[in-house]
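Okay, structure first, notes after.
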């Protein structure tokens, strides 16, 4: 199989944090705009226009933040695991920087999914916590995130921290499906699920279109945050290079 | 005998945004020993760790002849609970499996620890621990052509210092090379050079 | 000659070290027993209450005591500087790592497994579950040691790795816990336990093949941070 | 529009506190994720600027 | 001037050290949460099963996470040689010890107590027991830290104190566990909890008065073995 | 000025059934410094620890003038995570509460570490850590009349060694006394005596 030349070139360029720093800048406003528009539309539609759920009433409107947060929490971990592989196999510094930037953001989305789920649980389940399969594996995912963040914080040298976190992210990546599967299996084996996360009751379009919109909005905002954060990490890590020193001098003279 | 044991070109290292050395180039030929000198904090330990592969944050080129490397750092690298003999036996299982036990006894005698084979290392004095650590050198001998020694004279008494000097001279005579740090000025002898770090050129 | 030498040299050394301090060998076991003793005290001493919890408590105690033993797995080598020598010379590091883990398992996981039937009886574990739980521990504790070893290697260069290690490692232990406990449940319900035990065995094999590489990588990194 | 009045919109049929706290939290998290890099960047620029000025000084003296 | 100086000097130093590694502060807490998470997974996720166990599990988790944090209480000072200086100069050693224990409790026992209501709810702890259990932890965790400190000081000169420490200290923790759990039981039964809480308070006062002396003595001995 | 700072009579110590010293008697007067010498394992560290009160397994009599004691052992006794300044501030809170921070800065400058106040000690080189440890001496000064120093010259460069020598001389001039070990022969000067351990009498 032949990899198309432009892709190869992109791959090589990604090895250069400087290239990333310079190329990513123009994307930022677009991502922010896209995110605000999609999420704004989704949220407005979901909050104000969509009909109330026949069972859960208006509390179901939490879905428009809960589900995107949960989806992003998982996507972000996939991203980190992938970065871990890229770092260890191809030694691409940028992957480590993304890994560093993404971890707190992923953790924040995981926490958000947990909290919104808990708040949602109170009116619908009558309790704000239950050891349901998805809830439990989300909690474990949060621990995995905290572990990666803690490890990076604890190791002083960024290069060593990067590779250590990469190993952990990969081990976690292998384990996530195992954890998810085992928790799923265990809890269904155990209890015939007193509560279920609504089994997709063939939502009407007026309910799922806003959901789609807000998921897209979340994605855009996620990428926006990760890019921004990665850019700062690039600056910090590359602070010894002349291009960063020139950039800093430039910014300093502007200020 | 022609290719040097170690060649360093254009080495540069920063720590905490302070340049420790830049543009550092040197080679260690077979039969040569290089004493690193320089004030505290000059970067001698850092340089040795770079050469041993323990410190990857540098720029420049380090090329080493193949073969194992003997590295003795600031710490004696001994398990306090194990005896001198056990510690050395484990070291040999890593570097030269199949060596006879009698060689360990000989090496311990060589470093002046005959009779201390069976004492757990934590019950040895600082200088005695250092000597156990140094017993690795006669064990490896030329099997490790390049020795990197960080302050090998620390905690040693006069006879200990003489011993290390002899070990170094023998190693050089056998075609090995060594880089070591020490703050003590040594008597000049053929094959012994000095590299100053952290001072522009000379003391 | 090199590879068996690496393995056996390390095995002999670690074995001697373990035997030199028999207290340390007994310790995780003591912790295991203590956690299990705390349970009737903290929850309820009645066997009707304890019986359904017994397998879970055994497994949780096994997890925690494995965890506690992990901290010292590479710490001392790091502090004494022997880790540097190991990384420098023990070239395919996995073999030394395997020897170390084997000694560790022999000293902690194995006695814990052997003790499980007795402690299970103390917790009123139903008889039907006794041997399945023990078999589960026999297959599961190696996984715990292997996965835990990755965490221990990653945190060895931290002065206070202990609790970060717990954070890293306990989530990874959860599938083992779940499979282990479900073996007991199946046994009590009279269902076949072999499939779940097979999963545990497969997990152990997978961990045995992969974890030593992750550990070796993490140790090389730990040395660099010196 | 699904609600009769703005106050009904706020009340969400009694589920207002749940719904609005979730949306509020979400907004807070998104804002934090968006703004934190900016703060970190400004701090970096300040510290690095100082560092670069420090490094220039001795060279001028020399 | 000397005594407040000793206390505050130590307090400032230990505080700075704790803040320098915020991860370490968060860690016993993380362990507490993790142990509590293991429970529903190991035992049963049903709140009907969990509710009667909840108080016991909270207390056992508190015991274990206190225990895990104890190991580092004096270990680093011993390794770095600062313990010798402390024993040499900090003449009434109790004050420095008190400062150290206070910092440790602020970093572990206090947040753990504050988190207890939330975790209790996750374990379906009956509402009536929520505040009594929290009050029990508020009074009990200082006892744990004080008693645990004695064990930590006694084992600090051993290279592998970790699990021996557990062995020494867990039996001492048992009365605290029993009192703490009985507070919850009384509360659920609608009986007054104040008498038991008063006992815990008295225990805390007693431990506060005696433990620092035992710790100071043990530390002086630990230095001698060097 | 008359009573010695330290008097040792008939001291005897065994370790592992080996007699390290017996019948050891000496005194350190104000203004005197005593260099302990002897081969590795002779018992120098053990003697210093006995004098500091860290090693109670001995026979004989040790009497010390009242007042705090400065003891610097083989290890620098620093918290790696804290800065030099924080480490010294804690030390002062133990020994001399109420000392001004400026004195710490002065002491660090004295030992050649100006500019390193804010670096965590674990990021200092071996010799720099040693220097932080030594900065305790000028801070205590004569407030601790007796100094016990175990190999204070370890890891120090030439200027570091000169510094310690000066600190010792100043302390003696101020009426303090010191006992220290080192394997390096020192230039003779008034008030400096040598005590050999482990060799019958002389080198």
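General remarks:
Going in written order, the chains are labelled A, B, C, D, E and F, and every chain counts its residues from 1.
Everything that follows uses one rule, which is that a residue touches a chain if its C-beta (ideal position, glycine included) is under 8 Å from a C-beta of that chain, and two chains touch if they have at least 3 such contacts.
Please read these numbers as outputs of a predicted model, since none were measured by experiment.
The minimal number of chain-to-chain contact steps leading from chain C to chain D is 2. By the document's definition of touch, common neighbours of chain A and chain B comprise C. At the interface between chain B and chain F, over half of the residue numbers involved are used by both copies, so each side presents largely the same positions.
Farthest chain from chain E (centres taken as the mean of C-alpha atoms): B. Chain F has its Cα centroid 57 Å from the Cα centroid of chain A.
Centroids built from CA atoms put chain D at 53 Å from chain B. Once the centre of each chain is set as its mean CA position, chain A and chain D turn out to be 17 Å apart. Chain B has residues 17, 56, 74, 80-81 in contact with two or more other chains.
In chain E, 21, 23, 27, 30, 34, 41, 44, 76, 159 are the positions where the chain touches two or more neighbouring chains simultaneously.
In chain D, the positions touching at least two other chains are 51. The list of touching chain pairs reads A-B, A-C, A-D, A-E, B-C, B-F, C-E, E-F. Interface residues of chain A facing chain C in the complex, by the touch rule stated above, are 88, 140, 143-144, 146-147, 150-151, 154-157, 159-160, 163-164, 167-168, 170-172, 174-175, 178-179, 181-183, 185-186, 189-190. The part of chain C that touches chain B in the complex is made up of residues 1-2, 5-6, 8-10, 12-13, 16-17, 20-21, 76-77, 80-82, 84-86, 88-90, 96, 223-224, 226. Contact residues on chain A toward chain B in their complex (touch as defined above): 157, 159, 240. Note for the complex: chain B touches chain F at residues 15-16, 38-42, 45, 74, 112, 119, 123-128, 130-131, 151, 154-161, 183-184.
Across the complex, chain C meets chain A through its residues 147, 150, 154-155, 157-158, 161, 164, 167-168, 170-172, 174-175, 178-179, 181-182, 185, 203, 210, 214, 217-218, 221-222, 224-225.
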